[in-house]
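Next come the structures, one after another.
What follows is a pair of complexes built around subunit A, which joins subunit B in one and subunit C in the other.
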Partner chain A sequence: MPDRRRRTVLGRRASRRALREAATGYLLVLPALATFAVFVFYPLGRAIWLGLYRTSVSPNLPSTYVGPSQYASVVSSSAFLGSLWRTILFAVFTMPAGIALGIALAMLAHQRLRGIQVFRTVFSSTVATSTAVASVIFFTLLDPQIGLLSYWLGKKGGAGILSDPTFALPAVSVVSIWQNIGFTFILMSAALQAIPDTLLDAARLDGASSWHRFRSVTLPLLSPTVFFAIVVGIIGSFQAFGQIDILTQGGPNNHTMVLIYYIYQSAFVNNDYGLAAVASVVLFAILLVVTLVQFRFVERRVFYAT
Partner chain B sequence: MDGGDRPPGAASAISLEGITKSYGEVAAVDDLSLQIDPGELLVLVGPSGCGKSTVLRLIAGLDEPTAGTVRIAGEVVNGIDPKDRDVAMVFQSYALYPHMTVARNIEFPLRARRVPKAERERSVAGVARNLQIDHLLKRKPAALSGGQRQRVALARAIVRRPRAFLMDEPLSNLDAQLRIEMRAALVELQARLGTTVVYVTHDQVEAVTMGRRIAILDSGRLQQVATPAEVQARPANAFVAAFIGSPPMNVMPATLEPGEVTTGTQNAGRHLAVAGGVLPLTGAQQAALGARDLTTVLAGIRAEDLQVDPEGSVRATVSFVESFGAERIAACRLPATGAADGQLVMVRISAGARAPRTGEAVTLGAHAPASLFDPASGARLDA
Partner chain C sequence: MRAAGTTGRLARKGARYLLLTGAAIIVAFPIYITIVNALLTPQQIAARPPTLFPLHPLWGSFSQAFGQAHLGIYLRNSAIMTVAITAAQLLTSVMAGYAFAFVRFPFRRAVFILCLATMMVPAEATIVPNRQTIVSFGWFNTFAALIVPFVASGIGTFLFRQAFLGVPRELRDAATLDGYGHLRFLVRIVLPLNRPMLAAFGIYSFLGAWNQYLWPLIVTDTTSTRTVQIGLKQLSALNVDQSNVIFAGTLLAALPIFVLLFAFQKQLVRGLTAGALKG
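Take a look at the complex of A and B:
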């Protein structure tokens, strides 16, 4: 009997200690949790809530509750679907090309050559360039009257590339690729440096051509970094705003109206907060699903050295 | 320095002729000539940074020499791509492809050479059975022990039956026990395959036990190429004397005694004065010294050629006695000659003899002639 009492006392003591440890743990994550709550969870909940109300045409009249029907109507609208499609196109234009270029430049700069540091600095320099600066540079380069790129591309005079429905989105994509190349280059360079030279020496002796070495040794060992770049790149291209705002404002005729710019126009130009909230929530849902799918399926093909 | 006693030519499996590899001002390999016979296991040994791995990379074609000629099976391979030299290399880090299974790793050189699938599978299975790793074929390298990785690396080298294996410290990442086992396994495997092997190591014990001939390298220069026994008995210079052997040869400064001395059991004759006493000289040594008009030399004598002997000619104090199983080594300190402490000299205690106590004053006798080296160049005087 006393034995059992002792055991329960011990048990109570242990559980009290566990409780105290848990409390300390929660206390430690509290600052992060609070920050997230204020800046992420609350706005998210608020956006979902806003999406249930139709903003009235006149700014003086109150919004009316319409429930989930607004979600259905916005998601099926051609304006929303059009902007989603252009966002997907934008991601397709920017991401594979951006990552391929990043790897190519990193491979070039990985050579042991005199003065290669100069190239490393040049290749990574766009990291230090803001979107606004990059956009203004390209805006000038693409100017139909004075732009060097317009001149080279034979598009001198007329309305200009950025006003051409066919070329506006590709042009904005090129600017985004250029702007992001520094980041991708640094990522890929770091990953390349982590690959032991002896592996590539071994592959050379084993008789692999340079392409074979790249395909069957370098690329698989880069795959975790490529995967990371894809996830970050998709999220980035779904959130691209600055270059579009500066270069085209969604034009010509909505040809560069990507989802985030559509949300911005709905909310801050047309003052339709309800519509903007719905589109934001859907954008969030899309990014969540895309990321989950990537982690679930793409990661299987990724090799992590342990 | 000459690489061997045969002329360079087509008879060698690998032949290096006057190889130099410079990085800027620094010569990693300096005018090296070396012939390696077909089917030979030659060990290239030297302290770290002596250029031995560079020699391997030059043979493999991973680096090109600044000067000199590399021949494989008589054919000049300078400028020829590594894949066309038909040599395989085993790296210290094993360099297994971490994202491929063991089977894919072993198969890689065959795939790269577009060997048909059926033949690939047959070869991989055969080599895996040979090296007893057939149960590991589906695993990734991360799931293998060091010894298993070592075997996979060997299998990958063997599978395409190259003209030569280049092994760069392949055992140095293994624990001591496994290293000894793998050493024997490698020697046995080499004998069975009959393939030429150039084996690089910094471990002189490994070199002496594995190589039929060993080549000693220091600061990019070849010091000596000979059988282990020859290297131990007649080191070509003071560096080799101090590098090879456990314990290494005792090398001490000595001066030629002006007159003849009679010491204990030794015959009267000219002697070398060392700290604490004298060492006898042979007639040939006296002639060699006389011819060069030298009065100061470096005298080298192995622990097994010294003994604690009441009749001995060198006074010393026992510092400590080390016991390695059956063998005992006494470290004896010679009397101090200047401000510094006296030199420590290793002496093997013969099997039946009483081990001296620490602090005991003893006399040491030499029962074999010392090796004499030029004090300036370190070169052997009676070569």
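Take a look at the complex of A and C:
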């Protein structure tokens, strides 16, 4: 029966091809998958696990299993809650102002004027400054002895603005707003350019004032971008570390001790890995919720658009 | 009537320029004053009223920052780390993205979702165990510690898969008929078609790596492996009588990204807004 034999040969050849295809697929995803396994999934599980062990006071003694109780005790501690509260404050100080300024600059630069490109370049220029660059610039500008801003604000001498419990967190926030203004400007400009001129022209013909046009045409059409900026802003606020480390190190008297700096200090200054692990897991959980909300929203928007 | 209309328009135009200029001055001031101060002596910087324009610029602060303050070494270290991470992320993301778009293998969907899930784990949440891993590998103070944890990217994998799915089916069929294997199809057809995405993600990845702060801070503590962002922190601790060196060093650290910004403005904008527009 030559026919049947041919079929099995063909079948074998096909399955061998499928096998080779599968091997190719796994070979291609292997580098990414292996990296994720070692540096994303394993440490995530390990952090949850470490949170169950209380680090001993002496570095030579092993940590002891205490179970979920450590989660409860850390999460209800005033140090942790304080750091969470200051992170929220930081987000509240930086996000609305940063987004409003970004929209304002984008509106300002969204007109046909000679030389407008120069202004656009200046407004987007702060994307080129890293957190460390921005922080060191302002660190020197706020220096109580030589800082120009301290001089202009009439705060020359003394301990300085960054050592003032009232002004430290707002000052760090201003630095972050400035550093992010370029990014927000670019984001909002791109969104503005996507708005069809015909819509605004129609509103103008209907006699809508410029404020009215902004309120009822531009702003609603910007809202998806604003939402994206809010999500990025929230995530960014929870990750803001460099500016704290360079400007205040969490001080004065913990007034800028945000969650991420609290984790850093617990782990790498106080060597309390158990405590740091618990705080890390909470950080993960908070950002997970934020991201899921974003995905939820995005899904709906994509659906709506098609 | 007509004249009034013209002056009115002129006045409005003038007001716009005034607003734009005011905003530009405020935004650019911190960088401007950094440039000015880098060219002054520490005594001039501290003098009041302040000097806002350097009449006799001095350039020595730059070589001091580059040499004595080790900025040269830090910049080199950052360059090595950043180029390696960017190249590796491009490679692994293209590979995985291609597999998810064009190669049939069992559990493809599950593996893809696993890759997506990494986007929900912020690097900050895993620093404690990851540092232990690095120490146990004997990688503390090595470039491996700076590079290896970041050789793959969830968002990169996702973006390339989405972009590759946009490659017309007919092209794939035609390539198969011509006897193209996966490698040839990827190199000859898929990659050339997706150059804008390669550029956008490359810049996104470059910026992210260059600006890293927390991770390099906890896995290095010597001059020979310290990156420029951490070097800046060291620099800012310099004495007030070397403040010009602090300003010069800050500029040196920012310079590569400024060059990138001007050279690749379009790609940079696309890279930065990729998440917003894709999402």
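Keep in mind that, in the parts below, the second predicted complex is superposed on the first by the 253 of 306 C-alpha atoms of A that agree within 3 Å, B and C clash if a C-alpha of one lies under 4 Å from a C-alpha of the other, contacts with A are read in each partner's own complex, and residues count from 1 in each chain.
Here, a residue touches a chain if its C-beta (ideal position, glycine included) is under 8 Å from a C-beta of that chain, and two chains touch if they have at least 3 such contacts.
A quick note: this is a predicted structure, and the numbers were derived from the prediction, not measured.
Asks: Quick one: on subunit A, after the overlay, do subunit B and subunit C clash, or do they fit? Just give me the call.
Replies: When both complexes are placed onto subunit A, subunit B and subunit C end up side by side without any clash.
Asks: If you tally the residues of subunit A touched by each partner, is the higher count for subunit B or for subunit C?
Replies: Tallying touched residues of subunit A, the top partner is C.
Asks: Applying the touch criterion given at the start, work out whether A:Trp85 contacts subunit B, subunit C, both or neither, answering first, second, both or neither.
Replies: It touches nothing on subunit B or subunit C.
Asks: Where does A:Leu199 make contact in the superposed view: on subunit B (first), on subunit C (second), on both, or on neither?
Replies: First partner only, subunit B.
Asks: Considering only the touch criterion stated at the top, classify A:Gln239 as touching first (subunit B), second (subunit C), both, or neither.
Replies: second
Asks: Check the residue A:Pro220 against both partner chains and state whether it touches subunit B (first), subunit C (second), both, or neither.
Replies: first
Asks: When the two structures are overlaid on chain A, which partner does A:Gly207 contact: first (subunit B), second (subunit C), both, or neither?
Replies: Touch partner of A:Gly207: subunit B, not subunit C.
Asks: Which partner chains sit in contact with A:Gly25 here, subunit B, subunit C, both or neither? Use first/second/both/neither.
Replies: After superposition on chain A, A:Gly25 lies in contact with subunit C alone.
Asks: Shortest C-alpha to C-alpha distance from subunit B to subunit C once the two structures are superposed, in angstrom?
Replies: Taking the overlay as described at the top, subunit B lies 5 Å from subunit C at its nearest C-alpha.
Asks: For the complex, give me every residue of subunit A touching subunit C.
Replies: Spelled out, the residues of subunit A in touch with subunit C are 18, 21-26, 28-29, 31-33, 35-36, 38-44, 46-47, 50, 104-105, 108-109, 111, 113, 116, 118-119, 121-141, 143, 145-146, 148, 151, 178, 181, 183, 186-187, 190-191, 225, 228-229, 232, 235, 238-239, 241-242, 245-246, 260, 263-264, 267-268, 273, 276-277, 280-281, 283-284, 287-288, 291-292, 294, 298.
Asks: Contact residues on subunit A for subunit B in the complex?
Replies: Going by the criterion above, the answer is residues 196, 198-199, 201-209, 212, 216-217, 220-221, 223, 303, 305-306.
Asks: Contact residues on subunit B for subunit A in the complex?
Replies: Residues of subunit B touching subunit A: 57, 60-62, 81-83, 87-89, 91, 93, 95, 97-99, 108-109, 112-113, 142, 156, 160.
Asks: Along subunit C, where are the residues that touch subunit A in the complex?
Replies: Counting only subunit C, the residues touching subunit A are 13, 16-17, 19-20, 23-24, 27-28, 30-31, 33-34, 37, 42, 45-46, 48, 50, 91-93, 95-96, 98-100, 103-106, 108, 111, 114-115, 118-122, 124-133, 148-154, 157, 182, 207, 210-211, 213-214, 217-218, 228-230, 232-233, 235-236, 240, 243, 246-247, 250, 253-254, 257-258, 260-262, 265, 268-269, 272-273, 275-277, 279.
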